[in-house]
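What follows is a pair of complexes built around subunit A, which joins subunit B in one and subunit C in the other.
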Partner chain A sequence: MRIAVVGAGPAGVRAVQTLVAAGHRPAWLDEAPDGGGRIYQRPPAALNRDAKMLYGFEAKRATALHDTLDAMKPRTDWRPDTFVWHIRPGVKRLQTLHRGVQAVVDYDAVLLCTGAMDRVVPVPGWTLPGVTTMGAAQIALKTQGCGIGSRVAFLGSGPLLWLVAYQYARAGADVVAVLDTTSFATKARAAFGLLRGGATFAKGLYYIGWLRAHGIRIDEGVTPVAIEGAGSGVTGLDWRDARGRAQRVDCDAVGIGWGLRPEAQLADLAGIPFRFDAIQHNWVPERDLAGRTSVEGHYLAGDGAGIGGAEVAELAGARAALALLQDAGAAVDAAEAARLDRALTAAGRFRVALERASPYPAHLAAGLPDDTILCRCEGLRVGELRAAAAEEYPAGRAPEMNRAKAFTRTGMGRCQGRVCGAAAAEILAAALGVPVDAIGRLRGQPPVKPIPIVAPPAEAVP
Partner chain B sequence: MTTSCDVLIVGGGGAGCSAALHMAQRGQRVILLERGLVGSQASGVNYGGVRQQGRNPAELPIARRSHALWMRMPELVGSDVEFSVTGHLKLARNDAEEAELIAYLDTAREHGLALRMVGRNSIHRDYPWLGPKVVAGSFAPEDGSANPRLLSSSLARVARLAGAEIREHTKVTGFAHDGRLFRLTAEDGTEFSAPVLLNMAGYWGGAVAAAFGEAVPIKPLSPNMAVTEPVPFFIEPNLGVVGGNVYLRQIPRGNIIIGGGHGESDVSGGRAWARPLPEVTLEMLGLAVALVPSLVGVQVIRSWTGIDGQMPDRIPVIGPSGTMPGLFHAFGFSGHGFQLGPGVGAIMTELVLDGHTDVPLAPFRIGRWRDAA
Partner chain C sequence: MKLRRLRDAGRPRILLTLEGEALEAQAGDTLLTALLAGGAGHLRDSEFGDGPRAGFCLMGACQDCWVVVEGQGRVRACATLAEDGMRVKRG
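The block that comes next holds the complex of A and B.
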């Protein structure tokens, strides 16, 4: 049986390990130069540093995962630097690009472990040089050993806000403010559920405590006003505090992020149905606890199947591999499958509490001023999308997301709405006066991210 | 309950929406029934070529008629739907292709279509970004391109203002005639009746015709399309080639839209699923590079396709039914009906309300396969 695994993050590594243990030699593809995924992304060899320094509390998990990753490479058809830009579920074929060379990988069963990316809310000024997403700020630190600025403010909500601020401060950056758009009250309400998270919750508290102890300015329940800048970059950040008072810091860089969204484009192209997960506030591909989907031979695991975090990704990768083996008629360790199911169920409950403690600030997106840049690829402003909700719009009213895209070009640029899509949906839904899940989601098409046009091979030219 | 009117239209593509507008402008009580949103099939996802050059001579009178409407678009719908007269440059890559371009000059002249050869000496001088494979071209100064995402819905909006009823999310599943009136039933049970029915249902027009006992040999057609990231504007005309295996145009925003070859589709059981084929995308990108070598390195951000109805002779079915008085067809535009849509709506209105139209429709009659048999 030909098995393919896309992604070599925590989910992909544990999936492959399980498949190899059962005697398979899967094709294993990752667009990155090495495995590890996002959280355990490795620096280029020349920049390598101590694991403890790179991954902090997660150093042991990172080392364990990297060891497995390296052990699995010779036992699989390992293809790093290989971008899967299309999947054809009917003929079961992946279309890949490796250093400018196109190829296909045929499979009988595929496991998609494609991970997640940062989720943002536009803020006036967010396209200034010096503004990056929280995850990108972290990757700069982790893999390049450099920060996004020397006086850095962080704005957003969720676990990454505190973690990245902590990592920057530890690395010697001047962290001038950590601004959480979630109110203290919201977090307090979710606290009981968060206790289930044990270590994860404790780590979060540790970061917050450390930042406070080091006198770093923290403000909760904030409303962003604007990132200020002069021609060459960021000069400051303005917000209103929970009591509505204007606040400001000088800074030369801002990291923003409001949780994550699944990188689920391959699942979409595979024809797997999606549903709106109200708690995560994301469209997620439908799958069962084990990662099975309604499309035969297609399995999902990790953050690409709905945000669960790195530990869940490891469990889910192993579980989905077992499901795949089970469906192929192999005898699998039922006790192990049951153990993974229990762990995944428990982790799912913690996740709900975590999401409740840092909900996507839909109201901030919906309330953005008309002149804020919304779709940065196309340079479109919020008002241009809002206008398409009106009857008088020249092409008629856009009752759903794809139509609004067709009329206004929102989400039609290089990122195909991966960056602005979540906020755009809130803006359109609010302007139409309907719930956000009633306006659908942007349709996917290949390639899942841009691919370059290459010169055809000389002999092919007639 | 049955809603009755003067004219029922099935299908809200460019042709159907234009017909609704023209019918309403002439005081008809018209209801257009569209399965999804107007312009959600071929009319909304096509390449956007508004081209007369290279058409089957039989189509040229319709194309001329449509051209006049495209030129009046702002007046008609209140916006230009990004229609721009960029000219259409059809390229030859060898002697045989060049000979074909020259042969078409006569056809164009007969129909009053402006066309000018760009010979071997001037082609690379006038268009220095063309690759060495190109040997000549013919330039149609009146042709251009438009934004397909805007046409149907813009027409529908003004049709509504003129009094037409446009019912979206209304899939017609029951087609009947009670001896006096057409009776259509939508999926949700709603009923509509009228003495006149226009079948403008694109590929699915074949099924509508079959429901009235005149099945035609129609097939789904899915031209393969891709678009690049925006790059500085340099390709002014809409580009095609003899044989049509690749075509491309650049919009002022900078994106380059490239078409060529065919994707796949699934129209079984009422589905309307279509996808570009990756190997076809890659092949057409290679052909595009042969025309415009500086495309190398530009990023492709999306590929897509849609579903049009293709007839064996690659021209549509237009005209009265051969079996059912009051039924009129206009479907099966075989991959080049975007330019024709506005004109077809006007022509159908004349045909129904005046009993005739100046445009010769004989080549498009639905009975042509039966005649042949």
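The block that comes next holds the complex of A and C.
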């Protein structure tokens, strides 16, 4: 049986480990030069900080995952630096690109563990050099030993806000402000549910406490106003505090982020139906607890199947591999499957509390000024999308996201709406006066990221 | 935008050029790090006239960090390792 696993983050590693233990030798592909995924991404070889320095409290989990990753490489058809740019569920074929050369991987069953990226809300001035996602700020530090600037402000909500600010301050960066768009009251209301999270919750409190103890400026319940800049850089950040007063800080870099959204383009191309998850406030591919989908032979695990975090990704990867084996007629350890199901269910409850403690600020997107750049790829402004809801085009109005895309090009740029999609949906929904789940979602297109047109076709490869 | 080297900053030096000008970086830098820690300020200008850009996601997703490397064509600066002798142009 030919099995393919896309992604070598926490979900992919545990999935492959389970498949290999059952005697399989899956094809295993990741576009990164090495495995580890986002949280446990390894720096290039020339950098040599140890795991404790790189991953902090997560060092033990990181080392354990890396050990398994390295042990699995020789026991699989391991293909790093290999980007899966298309999936064709009918013929069960992946189309890949490795160092400029195209190839195909045929499978009987595939497990997609494609992870997530930052979810952002545009802020006036957010295209200035010096503004990055929260995750990008972390990647710069973790994999390159660099801060995104010398005086850094962080703006957003959710666990990464506090974690990345803490990591920066610990590394000796000047963290000039940590601005949470969620109010203290909202977080306090969710606190009871968060207690289920045990260690995860405790770590979060530790980061916040540490930042406070070190006198770092923290403001909660803020409304971003603008990122200011001159020439090729950021000079400051303006916001209104919870009482509506104007505030400002001088800075040369800003990290922004409001949780994560699934990188689910391959699941989309595989024909897996999506649903709007109101708690996560994300469109997610439909699957059961074990990672089965309605498309035969196609399984999902990890953040790409709905945001759950790294520990959940490990559990879900192992569980989806068991489901795949079971469906292929293999005898699997039922007790282990049941244990994973229980752990996933419990983790799901904690996730709900976490999402409630840092809800996506839909009102901020809906309330953006008309002249704010919405689509970074093509420089489209918020007002252009709003106009699509009001204007009568020859083909009618834009009652949903894909019509709006056709009329305005929102989401048609080279990132395919990964960056602006979440906010664009809020803006259109607000302009139309309908709930955000009523206007649909941007559909994925191959290639899921731009590939050079010069890449020779698969047929030319021996 | 100027990246600030905080950790692991004593690596072997490598030399690149940006638009013909010499630029010093460190082994293990991505092109994005090499250029933005080396004082380039930005990576490209938006083709829609709304100003300079310097990447956004650092994980190969946003496509905002395109530069041109002689002999390789257009690459994502955040996902390409800098190598000694590379000749780079803004994207």
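By definition in this document, the second predicted complex is superposed on the first by the 448 of 462 C-alpha atoms of A that agree within 3 Å, B and C clash if a C-alpha of one lies under 4 Å from a C-alpha of the other, contacts with A are read in each partner's own complex, and residues count from 1 in each chain.
Here, contacts are C-beta pairs under 8 Å (C-beta built on N, C-alpha and C of every residue); 3 or more make two chains touch, one makes a residue touch a chain.
From a predicted model like this one, the values you see are computed outputs, not experimental measurements.
With both structures placed on the common chain, the touch criterion links A:P452 to subunit B and to subunit C. By the document's definition of touching, both partners, subunit B and subunit C, reach A:R414. Partner contacting the larger number of subunit A residues, of subunit B and subunit C: C. Judged by the touch definition given at the top, the superposed model places A:H86 against subunit B, while subunit C stays out of reach.
Once the two complexes are laid over each other on the shared chain, residue contacts for A:M117 go to subunit C alone; subunit B is not touched.
When the two structures are aligned on the shared chain, A:R403 is found in touch with subunit B, with no touch to subunit C.
In the superposition on chain A, A:A230 makes contact with neither subunit B nor subunit C. Touching of subunit A by both subunit B and subunit C, each in its own complex, is seen for residues 378, 413-414, 450, 452, 454.
Contacts from subunit A toward subunit C in the complex involve residues 31, 38, 43-49, 53, 117-118, 127-133, 135-136, 139-141, 144-150, 171-173, 231-234, 252-253, 263, 373, 376-379, 413-415, 418-419, 449-450, 452, 454.
Touching subunit A in their complex are the following residues of subunit B: 37-38, 44, 77-79, 81, 133, 149-150, 153-154, 156-157, 228-230, 253, 275-276, 278, 281-282, 285-286, 288-290, 293, 295-304. Listing the residues of subunit A that touch subunit B in their complex gives 85-86, 88, 95, 102, 378, 394-396, 399-400, 403, 406-407, 409, 413-414, 416, 445-447, 450-456, 460-461. Here subunit C touches subunit A in the complex through residues 1-9, 11-12, 26-30, 33, 36-37, 41-43, 46, 48-64, 73-74, 81, going by the rule given at the top.
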